[in-house]
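Following are the structures in question.
Next, two complexes with subunit A in common: one pairs it with subunit B, the other with subunit C.
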Partner chain A sequence: MLSYRLSSPVKLTPVTEHDLAHFSKFLQPSSIISTLSPNPSSQDELAPYNSDWMGRYKGHSTTVLKPKTTQEVSEILKWCNAKRIGVVPQGGNTGLVGGSVPVNDEIVLSLSNLNKVRSFDPVSGILVADAGCILESLTDYVAPHNHIMPIDLGAKGSCQIGGNVATNAGGLRLLRYGSLHGTVLGLEVVLPDGTILDQLTTLRKDNTGYDLKQLFIGAEGTLGVITAVSILTPPAPQASNNVILALPSFDNVLPLYQTVKRHLSEILSAFEFIDRTAYDLAVKHGQGRALSEDDVEGAECFVLVETSGGRREHDEEKLSDLLELLLSADKPLVNTGVLSQSPAQFSSIWALREGVTEAVSKEGKAYKYDISVPLSSFKEVVDNTREHLRSKGLLHDKAVKFVLGYGHVGDGNLHLNVCADAYLPEIQDALEPYIYEVVSKYRGSISAEHGIGAMKTHALPYSKSATSIELMKKIKHIFDPQGIMNPGKVLE
Partner chain B sequence: MLSYRLSSPVKLTPVTEHDLAHFSKFLQPSSIISTLSPNPSSQDELAPYNSDWMGRYKGHSTTVLKPKTTQEVSEILKWCNAKRIGVVPQGGNTGLVGGSVPVNDEIVLSLSNLNKVRSFDPVSGILVADAGCILESLTDYVAPHNHIMPIDLGAKGSCQIGGNVATNAGGLRLLRYGSLHGTVLGLEVVLPDGTILDQLTTLRKDNTGYDLKQLFIGAEGTLGVITAVSILTPPAPQASNNVILALPSFDNVLPLYQTVKRHLSEILSAFEFIDRTAYDLAVKHGQGRALSEDDVEGAECFVLVETSGGRREHDEEKLSDLLELLLSADKPLVNTGVLSQSPAQFSSIWALREGVTEAVSKEGKAYKYDISVPLSSFKEVVDNTREHLRSKGLLHDKAVKFVLGYGHVGDGNLHLNVCADAYLPEIQDALEPYIYEVVSKYRGSISAEHGIGAMKTHALPYSKSATSIELMKKIKHIFDPQGIMNPGKVLE
Partner chain C sequence: MRPTSARLLNILVPVKSTSDDALEFCRAVDYAVKIRVNPQQTGIDTNVKHSMNPFDEIAVEEAVRLREKLKASVKTIKAVTIGPPKSVDTLRTALAMGADSAIHVEIAESGPSPEPLAVAKTLRAIIEKQNGAATDAKDKIDVVILGKQAIDDDLGVTGQMLAGLLGWSQATFASKVEIDEAKGEATVVREIDGGGEEIKCKLPIVITTDLRLNEPRYASLPNIMKAKKKPIEKLSPADLGIDYTPQLETIKVAEPAKRVGGGKVASVDELVQKLKEAGI
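And then the complex of A and B:
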């Protein structure tokens, strides 16, 4: 297994039994898990908090605190700030860049016990919820009111809304509902010194000074702890449909995107790209099947189009008219297209796209890059990476088996996966900084939606200028002069 | 005429002929307008830059600079920062809170000559434009590519995109396309020391550290000068329809909003509220006419619903079905509704809503409050304000003639207008801080979309906590330690 370089750049103090005695004055016993006396927990109990789900990052925290109120969070931070004890806020711990795992022996501050919905207004659709609410349970909460959450992602069953906001999660609905910078209306944040910053407004519009809450969206817990979120939930669409399209050439993806946007307009809710390698791998590992062998003959890549709209018959008419137009064209942009006819087919088409991750993990060890580059360069980036690995003699059964790409065309977000027999230093060295340099050349982003975490702090300059990084450091210093918040993350 | 209290809190230096000599080294003669030697302009030439369009704010600037490049902006700021000369960035100067007028003798930095489109990608819809581009000309620019700007407002013919972003303008399309915090993808900003902060990304997703550009959105030029904007433009709808509905009671507005949202879903693009007083005034001054006398009999208020969608016949079907449902209900929420049947009728219905401003100005002097309060309290706020003025003996022909409300229900944004025979100190004193206290009681916003400018700096604490204001000041200090940027605006 490959270990990423971790660093704890500031001088912080480890938790002691004295600190624990203080915390036990205001926290219930069940809110403290620690290997320190007086009631030491086992290392096993700490393990899930000290490691990410991929097993890539390992911390050495002795103590996990699980406060039940914002006031408790405030008391914890005030103490830690005075004592210079590092604090790692942790939500569902479903991140991909090691952002919610300690780099050393910081306290893990789990938000799991802050899990109540505070209010929901069915007229405006504004939901106010504690940070520890699980995304899926919020989706379930607003469903009877005919609303949906503006974000959706694979980890919805475990990720928490506070973590979603702290990491500025993107996901599957961004094309339609925009980013959290637009949908989050307010935040309650506890600053490192214990001050509760109440910006938990339920106003859709408030133009009074600098929009401070924006800084916490995507700061990955380095500026303070988000304890509650006010978010605008859109009305639930009445119908969803999808279609999978096989394209003879990647060059057709962009013209297709334009055509689809024009014809589906406001009901377009996803336009996802899967290259041939990714498709074949998904099918090989049983991740959905929608197209026959004949259909995929000669297809260089695939596109999944989803619609979500207010009236089923209107949406179906728009989608089938589009398909007819595409297939009857003189020079068709697609070889074939299959429209889902049932909920089962709808899921099966999505499984082709969403199953790529699982297929890759069954096939070997994955190096995953989540980048933003111009739409037109998706194929070039994947092909060049493959050729680069070939030129290094690394493209064979015992090293890199596949290089593949898939992602959100509508968002310019490419998931570049390098699937290898095993994690090898020479593959790692061939990929980095190679890929970051490619991204930088395109003025792209080295992290479109996964964030920086502990994984990419060293690579930040590929996406951000020295001036920007300097300003970020100054802002960090305003909010967290002691440097206790999530040390070693985002900024080196 | 009422003069608002203005203050220039920092010690700044006036421009001298020596400074002008420096500027003329890199600026063309046409880019300098100054009453100072060697080629003094007349006061008249300076006047439009020294005053807002309502004539409420007057500055005493001797010098206007109109740079043509970002580099020139940088040179100007670098010099002013070293010399501690105040700088007021000015776009179309269409604001309502005195944000773009000098409070004293600062330099006016007009962005009007930075007016080129830098790029437009018809596939992604991403537009990159100089800050000085006029909103309407950008709308015209993207129209042939079947795109629209995500914002639209009354001042579109003169306001500039840089000013829109700097003031976080809301406008008529916010319900549909969200705020600029979501649609602006990148900014180029010149910091007070002349550093060019290039965050002019055309990426829809970039999750690499703190989203600094968000700070400049709504900062009203107090942190730096926006010189270019990258913005996501949505596909143009193929059809727009509207309907005006007369309601017997304000209590029906919210149930109506829920019904309309459920039935029109993604094609709903405006839901505007006009109270009876506002409606009558608009009709009196010839601002559109859509309803007969019989129709408005007994109506307490009116709602304008607009749809924008991808296919006319689908949209019309949805809208007429909705109207039928509303009118055939057992207990109808509306007395009547008139659907526009032609472009002329469509405009006439909009004129009822958009013409309120002009009608009010024809009727007398207006005190305008642009506030966010809970939807359910719109009527209460208007009625209570009227009663409050009555209790002060100010509701008569020679003082306050009308108190009326209209606004964007979908955004929770009420425009509360007090129409008086003349601007009188006793009216002003009766209204403030009364209205700010009401807003504060509802945890609302004292400025939903107009900003703070010079007008409301003293009122900021009604909407923002002391902690927030303290953090804003620290952020201001990071970016502008000399305090040269738009002094006296936003923060006192």
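And then the complex of A and C:
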């Protein structure tokens, strides 16, 4: 098989004042932020674009471009392709694997100014929106039409739909509505040479050869820049409820999942797992209101169950029957729990789960592993990681403070977080390749929903065969022979 | 002289079922967002989920906390609501939080929402009924705790009217409540502009709750199950001799004018010109 070595395929060129002069011919002055002449901005203005929100990855870009139209994106890429200037597409910059920040001095192409809804069909529920639309504002846009976005994440207030699609983000509604590979109906993509690939169809069914758009979903901006998305939004559920259950042992999670699935069937919309450490951290950092001391006593972990359905009475009856069954069982799977009584409590219960990410960041420096492993191994993976770090003498105040697990049980997706006092090379060495080897042993995925970014390129072989990686490189070469698109991400 | 035997408290907590609108999907904690005016412009859109008025939730919590603090001195906590059959859910929530029993004054689903004066009169009737029948002072209701206002109509007068009708002490906008049942006194810190005002009142008393008084607890599953078995007495307006025919007419409810986004100007001159155009 022919091999394309893309690790350092071509020497990329830094952006110069000459390039800026060209960009200013078709971009408005407000669309260019650069430390270069003629209107140098301060480093501070560039800083938010150069680093990720966790402060783990830092680039050295001198120039951020914020085009307002697809045509402008095309002009930018055409020029960069000819000049071999690296380009990092950036949405809300909320990623967790350093995929949206430059590794060197590439241009940051921010999609924030492409932020208009192009159309919405209230009958079919198909929404066509610019890539820079913020997820939450799209949720608000379709809400009056009684629809919701098929995707929901903790970062919804900042993340952009283009970034969601480019990274194939998963999130909290995946159990119910499936992945973006299913809900995205069409894309508009600007290819590295400036060609605009218009596949912005609104068809549910379209079996006409290769489904090219799928390649861009999860490509993390390495094949082209997504400028617009056509997505199928489901009808809004008329009633939602949630309950958080305290479990005496992790061993009960799987039997509980089976019971809950059987009794709630079509109204089950989330089944989330939070271990005790994650719960305690969320509470410590004010994410949602804590359960009472009595309720959490003796709980090893927690499960959040959400229902969404068409009729309140029906859903509440089902949920109530389930809870009664759980509490009255001879050997109860749950100690106790809390059922939300109002929208405020509904939010507060969700905040306990969604706030874990933020709580971990507030507590210290986070090493985040987002892995798919068999459900039965969740606890083992977390406990073994903790023991592994202990055996290396790294489990103390000045190194690793907490090892915690939470995630989407329904999707077999565990978020394994290691919260440290500081990012230290010895911690990094203790965690990798250890965790990747564990995942590989279970035939799991090293990145269930966060992507590869800059963080996991070296670890790709733990989840993908050599043949697969070879093919991925060929595809990359077809779309981006100059290697300008998001260099250093996904593929080494 | 006051009898030396400890006085027992019977607390009545009136609760209202209010609409929370589309909040349940947007997971916001702010109650105020996304309230929509109904098409007839006579009120807000109420075709949505109902749950307990948040200020009333605080009232229930405070009653339960008083019991936790004063133990057996709090003899009963009774929740009461006036509403259609569905409002029984709100009473179940109050019972799950720790109320002992409840009264449901049932009205028709389609009828108008009772006005504050009628609500206050209903509460007075309930209190007089119970206190009139009481053979022992220990069975009399002597504390009423309710929200300072409902978040749907924002009228905020029921507590004051009730205290006036009964001739009881009133402590409104409470952010701290202490009751000395032996002395028959309540010390209440009230929210006022720029600070707090501490007042001492004689029981019986009507207390209305403000936001900072406490943070209501979740209803735990075992307590929700227990609440299903707690007694709810059903009464009709006729039983209490109350007429809910409205005396107020809402002429129009309108949303605030939409804010229009600002614009950027490139220079001072342009700014001055724009200001002139705007007639400033």
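One rule holds for everything that comes next: the second predicted complex is superposed on the first by the 474 of 492 C-alpha atoms of A that agree within 3 Å, B and C clash if a C-alpha of one lies under 4 Å from a C-alpha of the other, contacts with A are read in each partner's own complex, and residues count from 1 in each chain.
Quick note on the criterion: contacts are C-beta pairs under 8 Å (C-beta built on N, C-alpha and C of every residue); 3 or more make two chains touch, one makes a residue touch a chain.
As the structure is a prediction and not an experimental result, all values here were calculated from the model.
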item	value
First (subunit B), second (subunit C), both or neither touched by A:S292	second
Contacts of A:L174 with subunit B and subunit C, given as first, second, both or neither	first
A:T336 touches, of subunit B and subunit C: first, second, both or neither?	second
Touched partner set for A:Q482, first subunit B, second subunit C, both or neither	neither
Partner chain in contact with A:G444 - subunit B first, subunit C second, else both or neither	first
First (subunit B), second (subunit C), both or neither touched by A:T35	neither
Contacts of A:T16 with subunit B and subunit C, given as first, second, both or neither	neither
First (subunit B), second (subunit C), both or neither touched by A:S361	neither
Touching partner for A:L327 - first (subunit B), second (subunit C), both, neither	second
Interface residues of subunit A shared between complexes with subunit B and subunit C	237
Residues on subunit B engaged by subunit A in the complex (per definition of touch)	122-124, 146, 167-168, 170, 174, 178-179, 181-183, 191, 195, 197-199, 201-212, 214-215, 217-219, 223, 235, 237-238, 254, 257-258, 261-267, 308-311, 314, 317-318, 372, 374-376, 408, 410-413, 443-452, 456, 460, 463-465, 467-469, 471-472, 474-476, 478-479, 490-491
In the complex with subunit A, residue positions of subunit C that touch it	20, 22-29, 31, 49, 51-52, 54, 57, 93, 96, 215, 217-222, 224-225
Residues of subunit A touching subunit C in the complex	139-140, 143, 148, 236-237, 239-240, 243, 245, 289, 291-292, 294-295, 312, 323-324, 326-327, 334, 336-351
